[in-house]
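Okay, handing you the structure first.
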Amino acid sequence: MNREQGYKGTDSTGFSRDADVHAQSYINKDGSFNVYKKGQVKLLKDLYQYMLMVGPMRFLGIILIYFLCVNFMYGTAYYMMGMDNFTIPSTGEEMSDFFNCVFFSFQTFSTLGYGHISPITMIANVVSVFEMFTGMVSLALLAGLVYARFSRPNTRLLFSNNFLVTPHRGKDSLQFRFVNKRKTVLNDVHVRVMVAFTESKDGKLFREFHRLQLQMDNIMFFPLTWTTVHLIDEKSIFYGMTPEEIEAKSPEILIRVRAFSEQFNQHIHANFSYSYDEWIWNAKFEKAFELLPEGKFFIDIHDVHNYVTLPKFDYSEGLSRRARS
Amino acid sequence: MNREQGYKGTDSTGFSRDADVHAQSYINKDGSFNVYKKGQVKLLKDLYQYMLMVGPMRFLGIILIYFLCVNFMYGTAYYMMGMDNFTIPSTGEEMSDFFNCVFFSFQTFSTLGYGHISPITMIANVVSVFEMFTGMVSLALLAGLVYARFSRPNTRLLFSNNFLVTPHRGKDSLQFRFVNKRKTVLNDVHVRVMVAFTESKDGKLFREFHRLQLQMDNIMFFPLTWTTVHLIDEKSIFYGMTPEEIEAKSPEILIRVRAFSEQFNQHIHANFSYSYDEWIWNAKFEKAFELLPEGKFFIDIHDVHNYVTLPKFDYSEGLSRRARS
Amino acid sequence: MNREQGYKGTDSTGFSRDADVHAQSYINKDGSFNVYKKGQVKLLKDLYQYMLMVGPMRFLGIILIYFLCVNFMYGTAYYMMGMDNFTIPSTGEEMSDFFNCVFFSFQTFSTLGYGHISPITMIANVVSVFEMFTGMVSLALLAGLVYARFSRPNTRLLFSNNFLVTPHRGKDSLQFRFVNKRKTVLNDVHVRVMVAFTESKDGKLFREFHRLQLQMDNIMFFPLTWTTVHLIDEKSIFYGMTPEEIEAKSPEILIRVRAFSEQFNQHIHANFSYSYDEWIWNAKFEKAFELLPEGKFFIDIHDVHNYVTLPKFDYSEGLSRRARS
Amino acid sequence: MNREQGYKGTDSTGFSRDADVHAQSYINKDGSFNVYKKGQVKLLKDLYQYMLMVGPMRFLGIILIYFLCVNFMYGTAYYMMGMDNFTIPSTGEEMSDFFNCVFFSFQTFSTLGYGHISPITMIANVVSVFEMFTGMVSLALLAGLVYARFSRPNTRLLFSNNFLVTPHRGKDSLQFRFVNKRKTVLNDVHVRVMVAFTESKDGKLFREFHRLQLQMDNIMFFPLTWTTVHLIDEKSIFYGMTPEEIEAKSPEILIRVRAFSEQFNQHIHANFSYSYDEWIWNAKFEKAFELLPEGKFFIDIHDVHNYVTLPKFDYSEGLSRRARS
């Protein structure tokens, strides 16, 4: 059973509730956490993680640099043995001999083996055996990396720039909106939302976390946009709060979305957060899609940010205290 | 908690409820959405997605075209350097020299390296090094693509052509049926069904979504067919509706199936929809399988469509209002 | 919500409830279904499935046969061109020339390319280019197949040979037991059990399905054995049934187990079934493990079958009707 | 439905409740079980499992040994045929000829094929064909192994050395703490905790298992540490127990954690246990992280063990019986 709802005062959220220094935010705009860790174990897998995350051009670049470095190393080793170890005679020029060795190295590493240069002595053969081994292992590593990069779902959600206070069913509500930035189809989307308050008690600052109940926290299909709505009713932590009271608590809205990616046949996850700077009072989202004459829906994903401000409204009685039309 | 049941009037289903223009349907017959998106980010991964989706012959064809193009490119580069850069002398014929270069390129790209043609100058060697690199990376990409295609569950469900209104337990019910088209075994099947109505309010058309409760929404084993039944009792949105009222709302039945594929050890998903054209009033599905004398079940999957029409019945009082035998 | 419990009379279990002919059983002892399907689409993926399922020696054998066949085919093609197309002169002997072509083919397919035989004409070069392509694609396919075989969890559960009627807490209970046959660690095990009855109504035979509630249907850790217990209380379908009544319904116990494999980081599933022949009345399982003096548990997995028969007991009043000691 | 809570006296936990000999513990400190199994089927997949588990240097070492062994075997076979089978003439020296054969083997296995040594007879060609096959299959196996190693989530949790009895909300509570040792991000963490008691009944020792309810058993985000709290209220099995009573039952705390690894897009699991030696009475965990002036959180993961002992307290009335301040 999930007991996250409404807890406060414990540090079990994974975030600290002490707040002597004012943290910028818990979740950065790219979904990562605002945390430094010490004492973590460094591992080859961190390098692997890095190779998964870098952009495709940088990935190819790193692979190419590795390919060149390894082969220059082996090439240097062959050159230091002397040209007597190979079927090709010395050209008499140092540079030329060196490059012949380097090219022989590339031909060995890639298991190409034209054969116009071949090793004839014991030592040259032994080193070339290790180079073949290095080449085969490198190819296997490369194939593994490439597949791992391919199979990672790359779905990105685009969240609205702003977090709106919108009239809804005669009350106030808090709303944000998001859309799928990729062509991949997402379905069966689940959203969880929390708010982190920074409150002062006895001159010390404390953090408090509250789960925000949503009107709907799961949708079956997600072809267009989803406007997530927290209705401010009597059970909401925001019920009756004035804008000043809310600002004083410097709220951070913490969002976690899970969706099923049809193409990757995997669940994908996204984290996002809104600081108080991004709240817009008394506004509502504009429709972000239209129905084309031929019966298809059309959506420009950047319209997810669009909202219209509503006529001025007096919130001084507190949220949802004064009936809205 | 899932709060999808019975909501209406919000655009949070991911589908629009505005319907000034009459949309053909939300879900196309192949399970995709009837939506155009603008502003999406184009990515290498979209190419990857394409390579996952194309048929096997087209896949092989694209790979072959890539293989030929890359090698003609490198071959042209070698030819432009001149034959002096290689161990093989010029034949004196341009075409012949050009093809020697192209074949050398293939031998380099595939890391074959017969060696009767080999690079002897700096420039030829350098270009061949890059071609080796291209070859190794291409092989790794190919291995990744092939595995990704293999590991995608290819399960397809065959849904009955029609959506039936069938008497059931003295009431009316809505039924459809599906079967597994593949040899792979599916178990632990879950079904969710919604109906989308297009209704007129104040001269404007609106969409409304309702979840349909099923008699059973999960089965442990799925060796044969599954007839999914929505019983029209007092809680059903269809209770008391006449055929005319239903047609006026142009209902679209939206279906999402999740099943566990034993061979792929993954969950697979399928979306399907029925428009009102596909409704059959007062009919029931025929048995789609039989028990062979040797004690095995036999099923012809195309029999999933078969139904028999029942004696004429008067629905003018509304669904489930008049007792059925 | 799962509404499988207690349903009867519908064909929505995926199994037929008509039983004019007496089916052997629904689930075979290897966990597969006793079903023939017609009209299924044949696919390359079925070949892929086959290559995943065959034993390792047969797998290697098929790969080897493919390797030999493809190369003899290309070798024959080269031979039919004539030896003038290659750097090696004809030996004058047909057989010898033919095998030179075949070996050249192997050297090309594997991208080995010793080079003492090389293609020198257009046609020989073009065919060798296609053979390189075949070789690279085959290697990629092989790598994909090998990885797919590796990554399939191979966990097998060993179920007790018999299904016992055992006194439990003053009542009767139905019990079976299973153990993990592999070294891989399984945790978080879930079990679901149904019984299929074959009953006669108006001279026709019908199937009926009932879910059996278990004392415990989930365990956190599964290091030893798990004895699954269905207590026959007033809510059980078996309550008050005599052995004769049960036999007349020829019950088939259908079992589905899901467990989490720690090494494969995947859920694994197993299906099993017991026919009435395998019931043992009034017996209980023997302990299948012991605690070694050094404080380790010891288990012989074949002891999972062991049970002891209890003193004769009169079940004629019906199961759980007479108090047990 | 999970019915693990509060059961006792059955052996269905997977662990034995008989305890004539005193077992050290159920779960070892590395998360494995304290169990020997007999009769398990040995499989090639166990070798595969081993290759997944060994450290990276040992992995490379085993691959290298395999590479050397296979090639020396084939090299010996070529040498036994005699040098007449190859394009290179005998050197007259046995050792030299032998190594030429071995190096030829390496050039064939890796599909390098320099070509200065090539097979010219039937038998040499046939053996080299099998070596090519061995080489291609080995490369595919290597690629599969490498990818399987890569894609295994390597997340490790660091649990506090001690299990604390800590005052909490005027009562007593049981607490432990853990942190993510890796750079990978974990979210959506679920914890389940059980206690295993060893109790004496009629001179025989029995095991009893109880689920411990947690104040929170799921957190959305896990950037820092999580202190898991079992509050000892009236419903707790520990309510009113004195330290002596608890020690007499030699409790083992069994813990299972599931978390979602964002980088690997997979759930990871961890098992842990505390014996009574590791209990600390009347202490509380020290804060393990701080907020840096620039607004980032800082955590040294080894601080997860740190606690402070509280002023002496008299537990003789039993846990949570005397109000705490």
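Brief remarks follow.
Think of it as A, B, C and D in the order they're written, each chain with its own count starting at 1.
Heads up, the rule we're going with is that a contact is a pair of C-beta atoms (placed from the backbone, for glycine too) under 8 Å apart; a residue touches a chain by one contact, two chains touch by 3 or more.
Small disclaimer: the values here were computed from a predicted structure and weren't measured.
Bringing subunit A onto subunit B by least-squares fit of CA atoms involves turning it by 90°, to the nearest 5. Chain pairs A-C and A-D differ in how many C-beta pairs they share in contact, with the greater number at A-D.
Residue-numbered contact pairs of B-C overlap by over half with those of A-B, the repeat interface among B-D, A-B or A-C. Comparing mean CA positions across the assembly, the chain most remote from subunit C is A. At the subunit C-subunit D interface, residue numbers used by both copies make up under half of all numbers present, so the two copies contact each other through mostly different positions.
Averaging C-alpha coordinates per chain places the centre of subunit A 27 Å away from that of subunit D. With centres defined as mean CA coordinates, subunit C is found 38 Å away from subunit A. For subunit A, residues touching at least two other chains, in rising order: 111-115, 139, 143, 145, 147.
The touch graph of these protein chains is complete, with an edge between every pair of chains. Contacts from subunit A toward subunit C in the complex involve residues 111, 113-115, 143. Residues of subunit B touching subunit A in their complex: 1-4, 7, 10-16, 18-24, 26-27, 32-41, 43-46, 48-49, 52, 87, 108, 111-115, 118-120, 122, 125, 128-129, 132-133, 135-137, 139-141, 143-145, 147-148, 152-153, 192, 194, 254, 256, 266-269, 271. Chain contact summary for the complex, subunit B toward subunit C: residues 56, 60, 63-64, 67, 71, 99, 103, 106-107, 110-116, 139, 142-143, 145-147, 149-151, 154, 156, 181-185, 187-189, 214-229, 260, 262-263, 265, 287, 289, 291-293, 295-302.
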